[in-house]
Amino acid sequence: MKQFTSVHDVADIQALIQSSLAIKKDPFANNNLGKNKTLGLVFFNPSLRTRMSTQKAAYNLGMHVMMLNIDKDSWALETRDGVVMDGDKVEHAREAIPVMGQYCDIIGVRSFAGLQNRQSDYTEEVLNQFIALSGKPIVSLESATRHPLQSLADLATIEEYKQTSKPKIVMTWAPHIKALPQAVPNSFAEWVLATGYDLSIAQPHGFELAEEFTQGATVEYDQTKALENADFIYVKNWSSYKDYGQTASHLRSWTVDQSKLVHAPQAKVMHCLPVRRNLVIADDVLDSPASIVIQQAANREFAAQAVLLKMLGGIQKA
Amino acid sequence: MKQFTSVHDVADIQALIQSSLAIKKDPFANNNLGKNKTLGLVFFNPSLRTRMSTQKAAYNLGMHVMMLNIDKDSWALETRDGVVMDGDKVEHAREAIPVMGQYCDIIGVRSFAGLQNRQSDYTEEVLNQFIALSGKPIVSLESATRHPLQSLADLATIEEYKQTSKPKIVMTWAPHIKALPQAVPNSFAEWVLATGYDLSIAQPHGFELAEEFTQGATVEYDQTKALENADFIYVKNWSSYKDYGQTASHLRSWTVDQSKLVHAPQAKVMHCLPVRRNLVIADDVLDSPASIVIQQAANREFAAQAVLLKMLGGIQKA
Amino acid sequence: MKQFTSVHDVADIQALIQSSLAIKKDPFANNNLGKNKTLGLVFFNPSLRTRMSTQKAAYNLGMHVMMLNIDKDSWALETRDGVVMDGDKVEHAREAIPVMGQYCDIIGVRSFAGLQNRQSDYTEEVLNQFIALSGKPIVSLESATRHPLQSLADLATIEEYKQTSKPKIVMTWAPHIKALPQAVPNSFAEWVLATGYDLSIAQPHGFELAEEFTQGATVEYDQTKALENADFIYVKNWSSYKDYGQTASHLRSWTVDQSKLVHAPQAKVMHCLPVRRNLVIADDVLDSPASIVIQQAANREFAAQAVLLKMLGGIQKA
C-alpha cells in the first residue's frame, strides 16, 4: 500500500477490516517488523484519538514515532506556488515536505478543511502536496474531505457488533455551534457503500453531502423515519456542502436522545468523537448501553496498525 | 498498586522508599519489564521535572511513553456533568478519559488547583474522573491537593541525607508573588507524618494548611524559632487554605537566606522546584552546600520508577 | 567529545565528515550503542529539521529522546544572576539546567540570538550556562552565534558533490524581511575555512560578519562578480553585525535567481532552510537541478548521528 488516503487506496476492504480485528486479539505479534522504521506524525490541527492511537499502533509494531505540531513546534507553511514569501509564512511546503520525507519511512498528516473555499478544500491541497513531494507512503490522519482511519475503525466496529450480515446503517446529521468539515461523514459514507452495505443518510435540507461520496445511499430528511429499525446510528454534525461551510446550530430537534431510539431498540449509536454532549448526542444515549463510542475509539488503534502493517509489508495471522 | 494519588495508596512506605534508592543504584535492572506497555502522560498544566523524570523512569523500565498536553495538542475538556456543551469546550471527560484508557496501560495526570473554589479543588474532580473513568491505574503527576511523586522523592532524599534516625524536619512557608496551590506542602506533611517522623510547620497566621494533612505536626508562627536545630528545612510557598487562594507577597522577611540557618548549621535545605530565587530562597542558600534541591529533583526519576515498577508487578532487588 | 558547539570542539574535521557519510550508508550499524542512554532536546525556539534529524539520529543509535519546548511544555527561565525573581520568570537556569542534566546523558539545546544586544548574544549566555551547569555533554542545536550541526552537514554535502579537491565556495547574502541571526553564516564560514577550503563572502556594505569567523575569507560587495565560476553557492540572509540586528529587506536585487547563475553553470546552490522563496532564492533556482537544499537537509541526520556516535564513544566503520 503506497498511500492510505481514502477507501480507493484499499484493494481488499474486508481483508483490512479482518486484519484490524486480528491485530486487536494479538497487538504485539509483529512487534519487530517496524524495527529501525520511523513514522512521522504531522499535525496542522489538534488531535487526541488520532494522535494517541496511531502512535500506539506504531509502537505495537516496534516503530519509532516523531511528532510535529506545525506552527507550534515548527514554522507556518506556505502552500501556494509562485508567491514572493515576504509575509508571515516562513517555509514553503516544497521544502518542508521533502525534508520530512528524508527523515521518515511513513508520514501521517492531519490537515482540516478551512471551510472558506470549497474548491480549495476539495482538491486536498495539503494532502496532495505530501503525496507529491514527500517521496514516502502517506497516511491521512484526516484530510479536508476524508478521515479514512476513522472509517476503517468504524467498519471494524460494525463488524464486531452486527447481528445480521446486512445491518441497517443510518448516518444522521446533528446540530453543532461551529462549522465542521464534511470529512468524517464523506468518508464513512464511501466506506460503508464500498463495503457493500446499504446506507441511509438523514439531514436537514441544504446539508446533503457531495454526491461523489454518497452515490447509492438513501437520502432522508425526516430523522425519525430514517432511524426506524436502525442497527447502527452514526451521529455526526457537518456544515453545508452546498452553501459551503454554513451551519444550522438552531436545529436542536436533531440532537440524538433516547426519544429518537424508541423505534430502533436494538440500535448501536456511534460517533467519531469528540462529541459535544446534549448538543449532538444526549447524556441519556451516551451513558446507555446503546452507545459504543468508546469501543469505536478503541478500534482506532487496530485500524491504524492494520494500515501501518500493510505499508511495512507484514501480514497478521488471524 | 492500582493507583498512586496519595500516601494512603501505599501499603508499605519504607519499602517504596527503599525501592527508589535501590533503583537509583541500578536503574536498568528491569528494563524489559515494561516491554509492550505504554504510559500516557496527560498534562493540564506545564511541567519540567515531572515530565522528564517520569518519562525517563518509564524508559528505564522499557515502557513506551505518550505525552498529551491538553489544550495544546488536543482539545479543551468539559468536566461538569449534565451541561449542554455549546460553549468553548469541545470534548467531555466522560469520553476523553476512557478513550485514553484504551490506548494506555498506565496513565499519569497533572491537574493543578484552580484556587477559585476550595470545595471543587479539594474534591479532586479531574483526578477522580481519571480514576473513575479510565479503567487503568492512575499516577498523580500533581493534583489539586497533593503531589505524591514529589513527596516520595522527598522522603527518599531525607533517607539518603539523614544523620539520625529521627531528624528534625521543618517545613516553612516563604513568600511568592502568585497564588500557589497547597498540593506540595499538604503532600509533604502527610508523607512525613505517615513515615513516622516529627514535623514542624512554620507559617504566617492565616496560612495554616488543612488539618487532614497536618494532624500530628507542630504548628509554629515564628520562623526563626521553628528552624532552630533543624536537620531538614523544606521551603515552600502556598496560598491560604482558610482565606482560599489569598497570598501575602509582601512578607519578604520569610524568605529563607543564610541568616535563617545560623541556628541550624547542619540543616539541609529542600525545595520541590521551580523556586524563585531571592524571593522564596536566597542565592546564598541555594548556592551553598546546605542546598540539596538538585539531588532532590534527581530522585524524582527513581521515585517515579519505583511506582511504575510496582504497578507493573515487578520487584527491584537491592 | 565533551561538547559540540563549534568547529573548535572537533579534533579532526575530516574524520567527522567521513563518519557522517559512512553513517549515511549504514545508519543502523550502531543501533544498540545508545541503549539505556537518553538525549534531551531543549528548544527555546522553533525547529523542524534540527528537531526531526537529531531525534532520528538518536533513534538510529538506539537512544531514547526527551523533547522539551521551554515556555510551552515548561516554564519561562530566568538566566540573569542575582535578581529577585518577582517578575514573570518562574525558574532560574541555575536550577533548571542541572535538573535536566540529572535525567539526560546528552543534552541538545537551541537558543537563538535575541538581536537586541550584541554583547549578550556573542557571549552565548544560554549555551554557556548549559555547558557550565548541566554536568553533561552539550550539543548545540543552533546557538546565538553558531549552528555547527548545520555546518557539519553542509561540509558533508560539499564532500559528496564536489568535482575538484578545492571547489570554489561562495557564500552570498540575500534579502529577508525579518532580522535573522548571524549564526548560520558565522558557522559555515568558520567550518569551511577550518576545513582548508577557500571562501568568498558577498554581502552589501554594512553586512560584514564578525572577523573571528571570517578571517581568511575573501570579502566581496559585488554579488555577480563573486558568484562567477562558483562550484557551491551558499545563500543566506543575515542581519547586520556592525549595526547590530539591522536589516535591508529592500535590497531585492540580491535575491538569487537563474540570472545569477549564468556565469556559474556548474554551481550547486545550498541553503540551510527554511528559505523564503522568491525573496531569498527564486523558484527557478530551487526547482532546478542546481539546488541541493533537500540533499543538504537530509545530511543533517547523519551529521547529528556522527556527533552523537562520537559522544557515546562509538566508531562507524566505513
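Should a chain be cited, it is by its letter among A, B and C, assigned in written order, with residues numbered from 1 in that chain.
We take it that a contact is a pair of C-beta atoms (placed from the backbone, for glycine too) under 8 Å apart; a residue touches a chain by one contact, two chains touch by 3 or more.
None of the values given here were measured: they were computed from a predicted structure.
Q: Do chain B and chain C, two copies of one chain sequence, contact each other through the same residue numbers, with over half in common, or through different ones?
A: different
Q: For the sequence-identical pair chain A and chain B, what is the superposition rotation angle on Cα atoms, to the nearest 5 degrees?
A: That pair's rotation angle lands at 120 degrees.
Q: Taking the mean of the C-alpha atoms as each chain's centre, how many Å separate chain B from chain C?
A: Here the centre of chain C sits 39 Å away from the centre of chain B.
Q: Mind pulling the residue numbers of chain C that touch at least two other chains?
A: 72
Q: Where on chain B does chain C make contact in their complex?
A: Per the stated touch rule, the residues are 27-28, 31, 43, 46-49, 51-53, 55-56, 59-60, 69, 72, 177, 249, 273-279, 283, 286-287, 293-294, 297-298, 301.
Q: For the complex, give me every residue of chain A touching chain C.
A: 36, 38, 40, 64, 66, 68, 72-75, 78, 81-86, 89-92, 94-96, 98-100, 102-104
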